[in-house]
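Order of writing sets the chain letters: A, B, C and D. Residues in each chain are counted from 1.
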Amino acid sequence: MAGNNFGEVFRITTFGESHGGAVGVVVDGVTPGVDISEEDIQKELDRRKPGQSSVTTPRKEPDRAHLLSGIFQGKTTGTPLLVILYNSDADPSAYDDIKDLFRPGHADYTYLKKYGLRDWRGSGRASGRETAGRVAAGAIAKKILASRGISATAYTRASAGITCRTYQPDEIEKNPLRACDPEAAGEMLRKISAIQETQDSVGGIIECRLQGVPAGLGEPVFDKLDAELARAMLSIGSVKGIEFGAGFAAAAMTGSEHNDEMTPAGFSTNHAGGIIGGISTGEEIIFRVAVKPTSSIARPQQTVDTGGTARTIRTEGRHDACICPRIVPVIEAMAAIVLLDHLKRQTALHSPA
Amino acid sequence: MAGNNFGEVFRITTFGESHGGAVGVVVDGVTPGVDISEEDIQKELDRRKPGQSSVTTPRKEPDRAHLLSGIFQGKTTGTPLLVILYNSDADPSAYDDIKDLFRPGHADYTYLKKYGLRDWRGSGRASGRETAGRVAAGAIAKKILASRGISATAYTRASAGITCRTYQPDEIEKNPLRACDPEAAGEMLRKISAIQETQDSVGGIIECRLQGVPAGLGEPVFDKLDAELARAMLSIGSVKGIEFGAGFAAAAMTGSEHNDEMTPAGFSTNHAGGIIGGISTGEEIIFRVAVKPTSSIARPQQTVDTGGTARTIRTEGRHDACICPRIVPVIEAMAAIVLLDHLKRQTALHSPA
Amino acid sequence: MAGNNFGEVFRITTFGESHGGAVGVVVDGVTPGVDISEEDIQKELDRRKPGQSSVTTPRKEPDRAHLLSGIFQGKTTGTPLLVILYNSDADPSAYDDIKDLFRPGHADYTYLKKYGLRDWRGSGRASGRETAGRVAAGAIAKKILASRGISATAYTRASAGITCRTYQPDEIEKNPLRACDPEAAGEMLRKISAIQETQDSVGGIIECRLQGVPAGLGEPVFDKLDAELARAMLSIGSVKGIEFGAGFAAAAMTGSEHNDEMTPAGFSTNHAGGIIGGISTGEEIIFRVAVKPTSSIARPQQTVDTGGTARTIRTEGRHDACICPRIVPVIEAMAAIVLLDHLKRQTALHSPA
Amino acid sequence: MAGNNFGEVFRITTFGESHGGAVGVVVDGVTPGVDISEEDIQKELDRRKPGQSSVTTPRKEPDRAHLLSGIFQGKTTGTPLLVILYNSDADPSAYDDIKDLFRPGHADYTYLKKYGLRDWRGSGRASGRETAGRVAAGAIAKKILASRGISATAYTRASAGITCRTYQPDEIEKNPLRACDPEAAGEMLRKISAIQETQDSVGGIIECRLQGVPAGLGEPVFDKLDAELARAMLSIGSVKGIEFGAGFAAAAMTGSEHNDEMTPAGFSTNHAGGIIGGISTGEEIIFRVAVKPTSSIARPQQTVDTGGTARTIRTEGRHDACICPRIVPVIEAMAAIVLLDHLKRQTALHSPA
C-alpha cells in the first residue's frame, strides 16, 4: 500500500531520510541458520558510499552498518534483521537557501504536491541515501544466492555518449566508472571531467547479467520475472527505462530473426535475454537500464518557488557528476533480492504440501 | 505469491487457458454504486478480439463477456465482479502434432521446466487470450477514471521498421495498425503484407499517453508510479522493454539538457515523461514499450522435442503477423488499472483517519 | 484490501451472491501435478448443501461444481483453478416484501451503511451460500493434506443447551447434527424440533481437531497459527468466538495447572491446544467456536425500515433451525486452507535459497 | 509471508528480541502532517513497562522510545517512522543454566522445532518485549483516532478466579490490575499475592470496548472486522481465546433471545457486540480475551532438555505473577491499529476513483 517494502518471501522494508536520524532496512524472511556478519553487509555498502572517485560526490558518510536484531551467535534466527546506518554528516543548514525552491529534475515539487509538506533537508526520503538499506539487504541476498552458484553483475555500459566496446568483467571494479571496458572507461572519465567543468552532469546505461539462474523462475501472469525486475529497477531514482535481451531493437526485427532457436546443445541465441513468457530459460539473464544525468548541477536553471514566483537556482554542493558507478551496486542488490524472493516463492508454490 | 493478481485496492485476478473451459477475471475493490454493464466491457473486448484485419489472426472467438456477480440493478455493489468468457473456438486437435515440441520464442519450454507438466493446447495460460480478463477489468477502470477526466491512449508508434512521423490521435482507431500517423500506417501495412508472404512476422513500438493524471500519484520508494507501470507493461507477453519520457536517450544527455525547468506557467519541457521521483508531476505521462515480433511463424525453425532430439517446426495456423494493434487495448487497460489503484491508494494513505 | 481473498501461497478468492448469476472461487497457488476432479470437490459440497435433514433449510440447490480452468488431463497445472456454481434456485421475488426492512441479526443494516446500496435478494454476499466457494477450495486443500497424513475434523460439541458427553468420531457423519455423541445428538434433535415449533432457532459450539500437523507451523509474531485460525473462523458468518485448548477456562487456572509439562515421551497434557508461541507443537490442535442461533426466525420481531420507521418482521421461508451441521464442513475447509498455506509458507521461508 | 508485519494501509513491522541490540517498529502508511512526538509514544510505553507494581516483573527497562525517521519539524511526512528502543537491562548470563531446557508453557520447544536454532537469551523474539513496538505504533494510531472521536479501552475483567462486578472506567488506571471494579481489584491483588507466595501465577480475562466507531467498518468476507480483531488479539502471547458480545453464551441462546431488535431509537440490545456480518453497526464494539497464567513460575516442573532427557526446571528470576495489566495497553494498541487500518481501507475502497 504505502510503497516502502519489496519482496514477498524475502521482504525488505526501508526507512529513513538523508538528514533524519538514520536510514536502514528491516529484512524479513531470511532463511534461519545462515552466517551473516556486519562485514558482509559493509563490503557492499562501501561500493555504494560517496567519495570513491572524482566523478562522485565527496560527501563523507562512514555508512557504517549496525545489525541489531535477527542474529544470534553469528547466525540468522529466522526473525527480522534490522540494519541501521546513523546519519552523521547531516548538515541541513546547507539547504536553508533553497528550501522554498523546486530544484529541476528533483522530486521537490512532486513530494510537496503528494504529501502537502516536505523535508527540504537534502532530498529527504527521495535521496539516493535511501538505497543504502537496499544494498544492505542485497548483500544478504547475494551471500545466500552465492551458495547456490547464482550471481548478479552490473556495470556501466555507456556514459557521456561513450559506449563500451568490450566486455571485460575483471576490469569493472578497477575503474571509477565501473565500466566493462577499461579503454572506454578512460574516455568516459575525460569526457565527464570536461562536462564537470561546465557545471553540468551526465547519465549512462548500466547493463546487468544474472548468472546461474535455473530455468523456471518467475510467476505468470503478473509477477513474471522480467516484470518484477522492471519494477525493481524503475524503483531506483534516476532510472528511466529498462530492456531485456534484444530489447527495443526487437521492435525492428522479424520473428525469424528474433526467435531463439533450440538445438540439443541448448538455445542458439539469447535475444530473449534469458526470460521467455516471464520465466527464466536457464540462459544468462541480461538487461540494460537507462540512467538520466544527475539532476543537481551548479549551472543556473529556471525554476519557481513554493509561492509560484520565477526564480533562478544553482544547486551548489557535493554532487555526483555521474551517478552510474554508485547505482551499479544498487542494481545488483535489487536483482539479487528479486531472484532470491522468486526462488523461495517457487519452492513454496511447488512444494507437495 | 502465485502471480495471478494485480493491484492493491482495485485488484484483479485473472484465470483461464486458451483451450480450457473459460478465461476471465475477478475484479475486487470496485467502488460501490457505479453503473457497469456487459456492454461497457464488451466494447473494449471487441478492440482486442481476433479477426479485425489482415494483420491479425483470423481465429474466431466471440469473446462475449458475462458479468455474473457484484452487480445489482445495473450498479456495482462493492463485492467482487466475475467476468467470464467461455472458450468456444477451442480446437486442441490442431496442436496434436507439436505437443512434444518447443516452439521457438514461445513459453513452451519454460512452462514445462517450471511446472513439470504443460497444457500444450495452444499456449495454455501463456496465451494472449489471458489478456481478455485484463481488458475486461480495464474497461471498468477506464469508465471510473473517465468520470474524473483521466484517460489512457495507446497506439502503434513504429512497426516493421517504419516510425510514425505525426501524432494524430483521431486516426488511431481508423487504421488496422492503430498507428498515430495514417500515412505511416499505410506503409506499415504494405511492409507487413510483404513479410507475411515470406511466412515471417514483425514487432513494433507502442507509445502510451496518460492524460488528466493529477500531480502526486505514486508510492515511493518501491511502488513508484513508473515502477508499477513498468511491472504492468512487462507482464504483457511480447513486451521486452519500457522507457519513460526521454527514456534511453536520456543516457546521452547532460543534466542541463534533461532537467525540466519550471516557470510560473508550469514545466518548460517534459523529458521526465510526467513522473519525477516516482510521483506524477501533473504533466502528461508518456512511455513507450518494445514489442517483439510474433513468435508463431510458418517458416521452418530449428528446435528440440521434450526428449531433447533436434526437430524442425513450422507453426502453422491462425497467427498475428503484427500483434501491436491487439496489444494497444491491453496496454491501456493495464495503465488504467495502475492509475485507478494508485488514486485509491493515495486516498487511503492521506485520509485523516 | 477488499477482503475477498484468503491465504498467501495457497490463496483463494471467492465471488458471488446468493441470488446473482453464480458463486464460486478462484484457487491460486495449487501445487502442479495434483489429481483433482470435480467429484473431489462435489463430495465436500454435498456435506454443506441444504436439505440434508429436518434441522436445515429445505432450499434446493444442486450446488454442482464446475471446474473451468487450471486443470489439464485431470491434473493441476500450477495455474489458477476456477470453481463455479451457478445459482439455479434463485427466487428473489420471495424477498419483495422485506426489501426495505432490516432483518434482526442479519447484515442488512450494516451492508447498507457500508456500501450505500444493498442487494436485498436473500442475504446477497452475506449469504451462507458464499461459503460454497470456501468448501470447494477446502476440498482441494484437504486432498493435498491427506497425502501428508494431515486431517481436519469438526463436529457439533453442543447445541440447544445440550453438550456431548462422549467423543465418538465415527458417529459424526451418522447423525443430522454432526455431533460427536449420538445420544446427545438425539437429545439435541428433540430439543431443536420443539424450538422450531415455537418459530425459533438455536446455536451451538463446534469443536475442531487438526491431526498430523508437524511441529513448527505458524509465523510469529502476527501470523501465528492460532491467530490465522482465529481470523479464518471468525470470518465465517454466525461465529462469535474461538478458544484454543483450555481456552477461557485457562483464565482461572494457575501456571502450574495450565503449563503442559514435558517428558521424554512428549507433552504430559495439551492445555495449549497444540499451539505454543503461535507455533504448532506437534500435538493435536484443538479449538472450539461459538455459533450464534440462526438469525432468520418466523417469530415476529421489532425492526425499522430504511426510512427509520418502526416495523414488525417475520422472516418466513426456508431456514436452518440449527446451522451447526452445515458449518462443520466450512470450518474444516478453512482450517485445511490455513494449514496448507502455512506448510507452504514454512517451506519457502526455510528453503536454503 | 514471514509474519512480522500487520495492517494493510496503516502497516507496522516489528523487529527485535528481548536480549538483542534493540526492539522496535517501522510504521508505514501514517497520514502526513500529523503532530507526533516521542512523548506521545512514551506515554503508552510507560503503561506497558515492567516494574509498575508488585504483580508485575521488577525487570528495569527504561523503554525509552527514539523516533528516527518519518518526522520533520514535529510532523509526520508520509514516509515510514522508525521507533527504536535499545535493550539496556539485557543480562543473558541469567539464562546460561537453562539454555538447553524447554521451559513449560514457553515457546522454547516450538521455536527450536521451527527454526532449527534458538536465541535462548530470555524468550528471544517470543518475549513480551516485542510488544513494545506494537504499543509504540498503537500510540500513533490512538492519537489519530482520537481526532475522530474514536477510542479503545481495555481492562482486566477477571483474574485469579475473581470477576469484576461493576464497570467503573475511571478506576481502571488507578489500580495495579487495571481492573474496572476497584473492590474486585483489591480482592484480586490479595489472591494473587497468596498465589505468588506458592511460586505460582494466574491468568485472567480482559475486556475491550471500542467507542465512537462509525457503522460500516470491516471488509467481508475474509477481512471482517471481528476476524481482523481476532487475528490481532490471538497474535498476542498468552491470549488463548476471544469472544464478541454475547460470545460463547450465544451458543445456548435462541434466535429470538440473541437477535438485536431495532427501533427508531437504534438497536434495543447489543448481543452482537457491535459487529454484524463482519461490519461495525455503530454500537459499542465489545470483546473479551482469555489470558493464560504466566508460564514462568519458580515452582519446579517436569521438562526435557534438547537431548530429550527428563529434567526438572524452576524458572527463577523476574516474572509477572499476573500479566493482565501489562497486556491491557497491547490490546488497546492492536485494536487501534485494526480500526485505523480499516478506516483507511474503507476510504480507499469507496473513493469515487
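Just so we're on the same page, a residue touches a chain if its C-beta (ideal position, glycine included) is under 8 Å from a C-beta of that chain, and two chains touch if they have at least 3 such contacts.
Per UniProt, the chains are A, B, C, D = Chorismate synthase.
The structure presented is a predicted model; accordingly, all values stated were derived computationally and were not measured.
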Practice problem: Taking each chain's centre as the mean of its C-alpha atoms, give the chain farthest from subunit A. | Solution: C
Quiz item: Does A-D or A-B have the larger number of C-beta pairs in contact?
Solution: A-B
Exercise. Please report how many Å separate the Cα centroid of subunit A from that of subunit B, as a whole number.
Key: 27
Quiz item: What is the distance in Å between the mean C-alpha positions of subunit A and subunit D?
Solution: 39
Quiz item: Mind pulling the subunit D residues that touch 2 or more other chains?
Solution: 1-2, 4-5, 8-9, 14, 29, 32, 78-79, 114-116, 125, 220, 345, 348-350
Quiz item: Which of the residues in subunit B end up touching subunit A in this complex?
Solution: 1-6, 8-9, 14, 102, 104-107, 109-111, 113-116, 125-126, 130, 158-161, 195, 200-205, 215-224, 226-235, 237, 240-264, 268, 272-273, 276-282, 290-297, 299, 301-304, 308-310, 345-346, 348-350
Quiz item: Which residues, counting only subunit B, touch subunit D once they are in their complex?
Solution: 1, 8-9, 29, 31-32, 78-79, 144-145, 147-148, 150, 220, 340, 343-345, 347-353
Self-check item: Residues of subunit B touching subunit C in the complex
Solution: 1-2, 4-5, 8-9, 11, 13-17, 20-24, 26, 28-29, 32-33, 66-72, 75, 77-82, 84, 114-119, 121, 124-125
